[in-house]
Amino acid sequence: MKKIRKDAAEALDGLLFDGMTIMAGGFGLCGIPENLILALRDSGVKDLTIISNNAGVDDFGLGLLLHTRQIKKMVSSYVGENKEFERQYLSGELELEFNPQGTLAERCRAGGAGIPAFYTKTGVGTLIAEGKEHKEFNGETYIMETGLVADLSIVKAWKADPEGNLLYRKTARNFNPMMATAGKATVAEVEEIVSLGDLDPDCIHTPGIFVQRLIKGDHEKRVEQRTVRQRENA
Amino acid sequence: MKKIRKDAAEALDGLLFDGMTIMAGGFGLCGIPENLILALRDSGVKDLTIISNNAGVDDFGLGLLLHTRQIKKMVSSYVGENKEFERQYLSGELELEFNPQGTLAERCRAGGAGIPAFYTKTGVGTLIAEGKEHKEFNGETYIMETGLVADLSIVKAWKADPEGNLLYRKTARNFNPMMATAGKATVAEVEEIVSLGDLDPDCIHTPGIFVQRLIKGDHEKRVEQRTVRQRENA
Amino acid sequence: MAERAAKELEDGFYVNLGIGIPTLVANYIGEDIDVTLQSENGMLGMGPFPYEDEVDPDLINAGKQTITELRRTSYFSSADSFGMIRGGHIDLSVLGAMEVSEKGDLANWMIPGKMVKGMGGAMDLVAGVKRVVVVMDHASKSGAPKLLHECALPLTGKQVVDMVITNLGVFEIERGKGMKLIELAPEVTVDEVKSLTEADFEVAV
Amino acid sequence: MAERAAKELEDGFYVNLGIGIPTLVANYIGEDIDVTLQSENGMLGMGPFPYEDEVDPDLINAGKQTITELRRTSYFSSADSFGMIRGGHIDLSVLGAMEVSEKGDLANWMIPGKMVKGMGGAMDLVAGVKRVVVVMDHASKSGAPKLLHECALPLTGKQVVDMVITNLGVFEIERGKGMKLIELAPEVTVDEVKSLTEADFEVAV
């Protein structure tokens, strides 16, 4: 039970410092570590470099840390849903590094797997390729992208056992598994902590070795685009 | 049901040609595609390059294809359990390329994921590094290894649904998932074909997109090293 | 245009549909063919929008819209999802565009001087998917051509587009080579197309 | 030697034990510490050998021996397993060796002229694991030293060993720097160790 912490503040205690790099799981608002983001805000830690596919919305997710200006730089693939982001970026207060989404995902995986760099076709011939090493393989041109690691990774899973084994749910998995491997420390928040042995060992998405601390959180799980269809004859 | 074939011979029909490269899943004799290996033997296809962590034993697994001299070259990490292998290798009949096990696994993953090459610390300063590109990252030296693809991958899973979604069991997973992604065609043999919807979508190890053909096989599942303990007071 | 794009789908295809008009392609998939939709945020086998009481915040597509799963569905990580895309396992992608060049260059992610939202997964999709079909208006509202000799906007991918479907017609592109008009929309003439197109193209209607 | 190696394990450690004597280390893990064993064929949380009626061909360790699972066990692919190893997530590896140099070079996979069985996962383990402990006989049966200035055999890894435990004593190695004798086995003298060692080492017992 040594990995389980009382709450998000305690789970981050001693791990934070100004200027640090943090990976945050999630795609849009789906599968984001809501509770740990709130605790980051409350901690006041600043000058953060945040590696996250998106940047939340104005009043939820990573948008909260933009509002308090705790973020110095974002590494993301898409930041379209955030007015405060736009304001800070256009005024030069916020740095932004765009990565193609698949390149970002692979960079996190590589960092966690001890791979300092890899080659990809993605982005060849575009702005993304400028300044990057080009190399031919079998007559095609590829660019080199580097692995990413973070001082801290914060991830959201569905269930965990006390060893830190994690199970994600549906598309809330997204970037969480790779980011869990790429943090010098990784803190996970989950909806439910089950007993040891309750998770199917063939179906553990993140083995506990990658998780140093763990909390049960309360999750609002906000929906960004509620699209529905109507029942016929209803 | 379009992916399901009657038997191993039918599942390989039209996919084989002399001189082809085949990836075969499994670690030792655990999780090997027994039925498809037998069908390969019976097909008579020859001059094969086989990418597989091990080479079976004399009378089981890939050892069967060595016996019939259908294999021209092996790419493996360890081939210690096979006398016929040793004989053919020492007489120069068989080519052998050793890869560190983790490098072999990653090369298969890379091939399936469109990554033509990556860097690793594994093997730096050893024979394995000779002739390979060296590069420094953060003051440490790494070598470049290339992605692998195969004309055909044969894998063994526990369960499949008719879409080709695969679930592996315990340590019989090993190289199978990566190899399934790295074959121009991938044929899977399983112990059970369940109905569509019977597999938990959060717990599918190999999505059906990677599997072109599928059979239910009969599996001997031979044990290489039967190590047991005695019950006390028994 | 979505209806025309749907004709590019073949039985057994694995397909990724971009945000906007490409999403509508799903509505025109023939009953006689079996197509599996991939969503790059980590799902294969995407179902329709949910009924109101089925909405699940953990189940969204790449456009962040709520969706449903099917009996064939599997979920996976973003790394595995883009491994699938980059590795060439997706048969077809349908995407929107701002500009396409006669050699198949595609621009659809940024306009210099405007706030850039990011490329998301578009660069990965065009680089990795076997066949890329673009669906877009033939020209801007002011009549400026969007099929050009060279894209003016920053590229999403170089020599990546195989087909362009516009409101005026359908073009095939041999990547790196050139463009061919293969279909005209009803009541549209080749001259009309030419007048709204900067790119050179062969006529084969 | 296995018993001595077990003292290097700390509470909460994730550990990979090589084939042979290193496997025996598991028998000496203290009751008061909680150690999780990794098996590079795709398992974290390796249990003891099975009872006869528990033998499962789908459940083996890297030495191809039948084993059991624990309540904490997780399974994963070989790629994920070596991602774990290469990425530096394993705290300690205990391995056998044929030769170790005073700078921490390790040779344990091939003897030129003999049939080579392959390096298996050894090169990955020594390159990736945080701390590498070698357990081996101090000298060959004929009395030839195995702790050398430079390894004569082909290397498994360069400057990768942190500690060597032999039947005569325990050596610490500062990778790339040098070797230090820190413990003597019972009734063994420094002179005895020196007479069977080619490598230079500092004495700090």
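We call the chains A, B, C and D, going by the order they appear; numbering starts again at 1 in every chain.
Quick note on the criterion: a contact is a pair of C-beta atoms (placed from the backbone, for glycine too) under 8 Å apart; a residue touches a chain by one contact, two chains touch by 3 or more.
Here the structure is a predicted model, which is why all the values come from computation and not from measurement.
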Figure out the least number of contact steps between chain A and chain B, where 1 means they touch directly. 1
Chains shared as neighbours by chain A and chain C? B
Out of B-C and B-D, which chain pair has the most contact pairs? B-D
Centre-of-Cα separation between chain D and chain C, whole angstrom: 53
So what's the Cα centroid distance for chain A and chain D, whole Å? 35
Expressed in whole Å, how far the mean CA point of chain B lies from that of chain D is 27
What positions in chain C touch 2 or more of the other chains? 69, 75-76, 82-83, 85-86, 128
Per-residue overlap in chain B, given as positions that touch at least 2 other chains: 106, 109, 113-115, 120-121, 168-170, 173, 201-202
Listed by label, touching pairs are A-B, A-C, A-D, B-C, B-D
Can you check the complex and tell me which residues of chain D touch chain A? 12, 14, 36, 38, 44-45, 69, 71-76, 82-90, 128
Mind listing the chain D positions that touch chain B in their complex? 39-43, 48-52, 54-61, 63-67, 69, 75-79, 81-83, 85-86, 105, 115-124, 127-128, 154-159
Hey, which residues of chain A end up touching chain B in the complex? 106, 110, 113-121, 135, 137-138, 140, 142, 146, 167-170, 173, 200-203
Which residues, counting only chain A, touch chain D once they are in their complex? 2, 109, 111-115, 161, 163, 165, 181, 196-197, 199, 201-202, 204, 207-210
Mind pulling up the chain B residues that touch chain D in the complex? 27-31, 53, 76-81, 86, 89-90, 98, 100-106, 108-109, 120-128, 158, 168-178, 205, 221-231
